[in-house]
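For clarity, chains are labelled A, B and C in written order, and residue numbers in each chain start from 1.
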Amino acid sequence: MALNDSGGKEKTMKSITESPGLFEYDGGKEMLLRAKHDAELVQCILELATAKGIEAASFTAIGALKRARLGYYDQKNHKYKEIAIESPHEMVSCTGNVSLSDGKPFVHAHVVLADERGNTRAGHLMEGTVFAAEVHLRRLEGPRLQRKLDGVTGLWLWEI
Amino acid sequence: MALNDSGGKEKTMKSITESPGLFEYDGGKEMLLRAKHDAELVQCILELATAKGIEAASFTAIGALKRARLGYYDQKNHKYKEIAIESPHEMVSCTGNVSLSDGKPFVHAHVVLADERGNTRAGHLMEGTVFAAEVHLRRLEGPRLQRKLDGVTGLWLWEI
Amino acid sequence: MALNDSGGKEKTMKSITESPGLFEYDGGKEMLLRAKHDAELVQCILELATAKGIEAASFTAIGALKRARLGYYDQKNHKYKEIAIESPHEMVSCTGNVSLSDGKPFVHAHVVLADERGNTRAGHLMEGTVFAAEVHLRRLEGPRLQRKLDGVTGLWLWEI
């Protein structure tokens, strides 16, 4: 879960607040984002959250990716296996949330991809290179939601 | 993206406002729709948007389709390939949005279908014939979101 | 659709209101739930709805399941076929809603699962054993939404 490196945040924050691809609704609670061509999707959403000071959110996205790196979590051995998707796919489903890890916004997303025959590959979205993507993010106002290492699963889950 | 023909809109607007299958929540911001048996799903959502004057929205749906026509966008040659699904499938995921194209509501939806063994087919939803479908649409109030031809991808993306 | 047995509701209601895994946002309209390890996911969401008096809602979830039981509805013969998933899978998409059946909250959810190669299985979620799961539920305030047996499909659909 150290996938979302926050290096270069100042540059990022500047770019996202200037982004012409962000559309805000209902007083800023709801956002639609046209992700940039060739951007990395998880990073895109992380940059939006960072720039807007979002600490909790839920989102969905559709579009198409040029390539992606998916993850499958081995529930027994407590480590991710990576699945490389090297060809263009429709992004038929992307569902995720934003919470905090080490006090900074963290993006958790799962994705389903489809090829030219309609066959699918899916998993935890580690990285996805955007061909085109439309994100709907709903900001949530309330308690801080921190991720913490959970001993039972080996995952960074919401602290209880 | 001329899939949503608006011909016969007057008739449509009448039918949807009279529809007993539409349930409105939170002052009309949230809607649940029981799509009609044998209706075409994309058209259903378009009719709802048109009848209610919705210019921006995000939606999800689940249910089952009798048949469907999916699309895969060829990122190199800039055209859709069609995938015909001729048998009944569960609609295990449908995610999409409403924005404007040529000033009129336009529906963009992606779908994942599953057969009797749980195997999946997925893509851009061109057409789907409803066996049963439950749609949750959230209306977004804010800037007009217009689709415009994007030279890089060949797709009608949100104008920036 | 009698899958969500409400036996032991008192115990359940107590446990959910005491649950440290529930986080409420926007005045209680939006909820994030960290489902308990080894819990059954449909039951988890049902318990939340019951404890909070939720009669209509829409939700999504991501995470991982240890095992699951999926359903495919045979549109011709009007009965569910069950698909047993006996191995750990990522829960790459879960979309559903809460409405009323026999006056009590009822959960309807569809799910897409992925294995270690990124291959998918999907269907109506009858039961899923949680490895880890993050649920976002949006409560809807408005008309009562009752399920009733529909003669055309043989399904319990929203009453119109």
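Structure notes:
Heads up, the rule we're going with is that contacts are C-beta pairs under 8 Å (C-beta built on N, C-alpha and C of every residue); 3 or more make two chains touch, one makes a residue touch a chain.
It should be emphasised that the depicted structure is a prediction, and the values quoted were computed from it without experimental measurement.
Interchain contacts join each chain to each other chain, per the touch definition above.
Shared numbers divided by all numbers used gives the overlap of an interface; between subunit B and subunit C this overlap falls below half, so the copies present different residues. Here the spacing of subunit B and subunit C, counted between their Cα centres, is 23 Å. Residues of subunit B in contact with two or more other chains: 60, 93, 95, 112, 120.
Considering their complex, residues 20-21, 23-26, 30, 32, 34, 37, 60-62, 64, 66, 88, 90-95, 112, 114-120, 131-132, 134, 136 of subunit B touch subunit C.
Taken in their complex, subunit B has these residues touching subunit A: 29, 56, 58, 60, 70-76, 81, 83, 85, 93, 95-97, 99, 108-112, 120-124, 138, 140-143, 145, 150, 152-153, 155, 157-158, 160.
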